[in-house]
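Pasting the structures here.
Each of the two complexes below includes chain A, the first together with chain B, the second together with chain C.
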Partner chain A sequence: MANDREILREVWEGKLPISFQLDPDEVVELQQPDQFYLMVPRLSYFPLVTDKVRKHFLRYVANDKQDREMWLEYDGQPIKWHYPIGVLFDLLITSDDQLPWNITVHFDKFPENQIYRFNNKETVESYFMACLKEADVLKHRGQIASNMQKKDHNQLWLGLQNDKFEQFWAVNRKLMEVSSEQEHFKYIPFRCYIDDGYRQKLIKPVAEDGRRKTLQDLINEMFPGRNVNIKTHGMIPPLETPLQWMSEHLSYPDNFLHLCVQM
Partner chain B sequence: MATAEVNWREDILSKLQERNRFQTDCFQDLIAQHNKIFDAVNALKHENLQLSIQNEKLRLDGDRAGGGDSRLHEKIQCLEQKLLTQQEELTELHRRKGENSQQIIDLNAKLQEKEKLIVMKDISLAENAAKITSLQAEITLFDRNNKELKLLNEALRDEHQALHLAFTCLEDKLRKLQDENRQLVERLMNYKTKDADRMNEENENFLKKRFAKMQKEIEEACRDTRGVSPEDLQEGYGPSCQSTIPTKACVKFDAHDGEVNAVKWSPLDRLVATGGADRKVKLWEISKGTCESKGMLVGSNAGVMAVDFDSTGTLILGASNDYASRVWTVADQRLRVSNSSRKRTDTLPRSRKRTRAVSNKCPPPPLGHPVARSFIAAVSGPAAA
Partner chain C sequence: MSDAPAENKGAEDSLQSLQSLNINDVGETSTDPENHKNDKQKIDILLKPTGNAPIMKKKKWTVDGDKPISWIAEFMKRYMKLEPQEKLFLYVNQTFAPSPDQVMKNLYDCYSTEGKLVLHYCKTPAWG
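Right, the complex of A and B next:
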């Protein structure tokens, strides 16, 4: 049961300072635009928070490029918008000294073969809902999410979009409940980010002998014989943390545990 | 177990708190502040833009107002210009007015003159009317006179008629007398010819006697046997051709302006006719030692080459170098007949002119009263016959 609101609150409150700057090659104005600073929630997605950024930089680029999609780049790599911001930060930034996070904004030359296109927020929403449903399938065979009404989906989405903790968790807590006959989820929905992608595996929160599995068990199952560090939400959780609890409390809004693997 | 659970939970919580403290809290206010300032700047920029737009608008308005000013200015200028033109027109009108008044004065003066003239004309008209009345009176007077004169004239004409009748009567008488006279003259001429014949006979007789006497002397001389040399004969004592040569001119006179081509004695009187190169025939009366010009007969177009009288001595014939012969009467020295041997078809312009003058066969009859005319007819009648 996700009832430890203190933890949930702390996780929800996590925000990152980001400094956006326009690619100097795309500036057509005489004056270089100022950098745009923004505090973004770790749990959100970039397309949901960059409206202001886009608006700020729009008048500095050529007229024919203003209608194009804005994309972000850090350290020469296009940022995958479909990852939650906190995950991206944990993956790309290794030390806290690099705060605020400097991200370059582009309007031109969209890298189509590296990141997905997103036309509007609906694209993001559908992706988010798809993840949510996938997680529900793993946890409850998809019964809860599919039984939900449309307005519940909307409430989830709007709660995330508007950074409304109460609004979000009023619905999300249903997804985090365990069914009456079972004490735990069927499988733990998680993603282990390694190299350029992520890996998933069906892992049950409890062992066959009824023992509750911990993070250590997950690492052992995922990377047998290897000593790896797991990072999530900007911290390294203790290895003895139970998976069921982690899934309930440290999952991102899409109900997945996003674990960054550090070799 | 519970403590372990508490441990990892506390651990996570503290880590999350630390994370938030480190990553979020220290930036939250800063960025919030920054965003606030950024927004403020943007708002100010926007405001600035609005203000500048407003300013521009105001300035434009001001310009427009200035434009209005300029328009006013233009209007003023326009009005000033109009004023100027009006003033010019005014001065022009003043000048014209002055001219007009001058003209009026002139015209008044002229009018006065004209009036004077009219007065004068009136006076003269009155005078003329007076004159006309006087003249009319005169005319009536003259008319009366005229009537009287007409009456007089009538009387005179009647008188003249009577006189004319008397005159014709007298003319008849005169003609009769002239006929008589001619008969008498003829008779006289007969007597004179008879007289001349007798004289000729006497002369002949005398000459015969003398010739006979001479022959007798010649025979006597021939009986003298002494020789006579031809030289002696040349001395002028030739027996057969005794003659006298006039040695002294009795009368000498300049007859013509040029050569004298012909001379002829009149058969009756001591009258000589001479013809000269000056195209004239002149008549001279030669008496003892004196010469008196009796007349000059003109009409010839070239030098007169020969002259002759008729037997009665009343007509003179002159032949001249213009291929014509003319006849004059001696008494009144008029040309009677002119006859050209040349035809009118002469081609020479000069001679034609000459012949035309010559061929004037019927010269105009001499002016004068009927008596003279009838006299000429009487004279020329026998000549033509």
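Right, the complex of A and C next:
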């Protein structure tokens, strides 16, 4: 179980200022709508925080477009809603000078071939829970998540959706536990984002000789012989950070470390 | 895109509609020349039905490592001639439904046994 609780809180409270703007070509009113500003949690997903954005812009678009699924674009690319917001920011924005993050809102021409539709929040929920279960397969052979009750799963989801740290961590701490004889996870759940996708491999938190592996070891195993930096939660963790500690403290709510690779 | 009927929007249904989506490859998936040949790696998969799922005549397939799970699900639906509104759920380790954009190489690297990746499939949610 994580010991540095302040860090969990700090990571949880990470927020990003975003300025949403409706695509001017979709405005049918004489007057252009104002931009819509929001502070959004890095750990959340766009479909969970953009109801107000939709409401704000809805009356400016054509009647027959109002029922369509809203989608977001940055720098000419549709935004993948199923990545956590903080991951998207770390991947797409290279400098904090670019704050607030300017995102364009669309109701028309959904890019079917580039992003998934999400229909409703249940889609996001089932996606999130599936990621969480996968992480538990890597950490504990799936034993903890599968032995949880439905109400525990609901509590994790509601904690995330409603931005309630205590509610979420009351259950998530069980997923972060290590067995008494092991003192570490079986494998570290992580995704390394690179080339418009991500890579995943089996990496143990401890070496054959019992030494605790670090972020440097992960880089060596994923990208042998290459000099890379890893960014997560808007920061570049020291390469000597132990992987087990990272997994317990810097994982996103889906229990994965999301690592943006900078070559 | 298989739209689930409005009155039946369970979480698992939604997941399936995600999985069965086919995001077309737009150009090259990888621009990283050093790892290029890895992306073209072929992966052996074994498809196992559970519950009421129809049996596929051919169970063993070889697929490109850079193909996402959503592509496999779409292919299987076509192969088994499922109706567009019928659902197909894919599972790894009989435990979790992989992300729709998860590529076969990652799944193989993490969850293969004896040189192949086993995927269970069914028409109703099995593990969840």
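Heads up, the rule we're going with is that the second predicted complex is superposed on the first by the 263 of 263 C-alpha atoms of A that agree within 3 Å, B and C clash if a C-alpha of one lies under 4 Å from a C-alpha of the other, contacts with A are read in each partner's own complex, and residues count from 1 in each chain.
The definition used in the following text is that a contact is a pair of C-beta atoms (placed from the backbone, for glycine too) under 8 Å apart; a residue touches a chain by one contact, two chains touch by 3 or more.
Model, not experiment: these values are computed from the prediction.
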Partner chain in contact with A:Leu99 - chain B first, chain C second, else both or neither: first
Contacts of A:Leu58 with chain B and chain C, given as first, second, both or neither: neither
Partner chain(s) touched by A:Lys15 [first = chain B, second = chain C, both, neither]: first
Touched partner set for A:Val228, first chain B, second chain C, both or neither: neither
First (chain B), second (chain C), both or neither touched by A:Ala170: neither
Which of chain B and chain C A:Val49 touches, first, second, both or neither: neither
Which superposed partner A:Lys133 touches (first chain B, second chain C, both, neither): second
Doubly contacted chain A residues - partners chain C and chain B: none
Complex contacts: residues of chain A adjacent to chain B: 4, 6-7, 10-11, 13-17, 34, 36-39, 96, 99-100, 233-238, 240-242, 245, 250
For the chain C and chain A complex, residues of the former touching the latter: 1, 3-4, 9-15, 17-18, 21, 23-24, 26, 29-32, 92-93, 95-103, 106, 109-111, 128
For the chain B and chain A complex, residues of the former touching the latter: 4-5, 7-9, 11-13, 15-20, 22-24, 27-28, 30-32, 34-35, 38
Contacting residues of chain A [partner chain C, same complex]: 80, 82, 112-120, 122-123, 125-127, 129-131, 133-134, 137-138, 142, 146, 187, 194-202
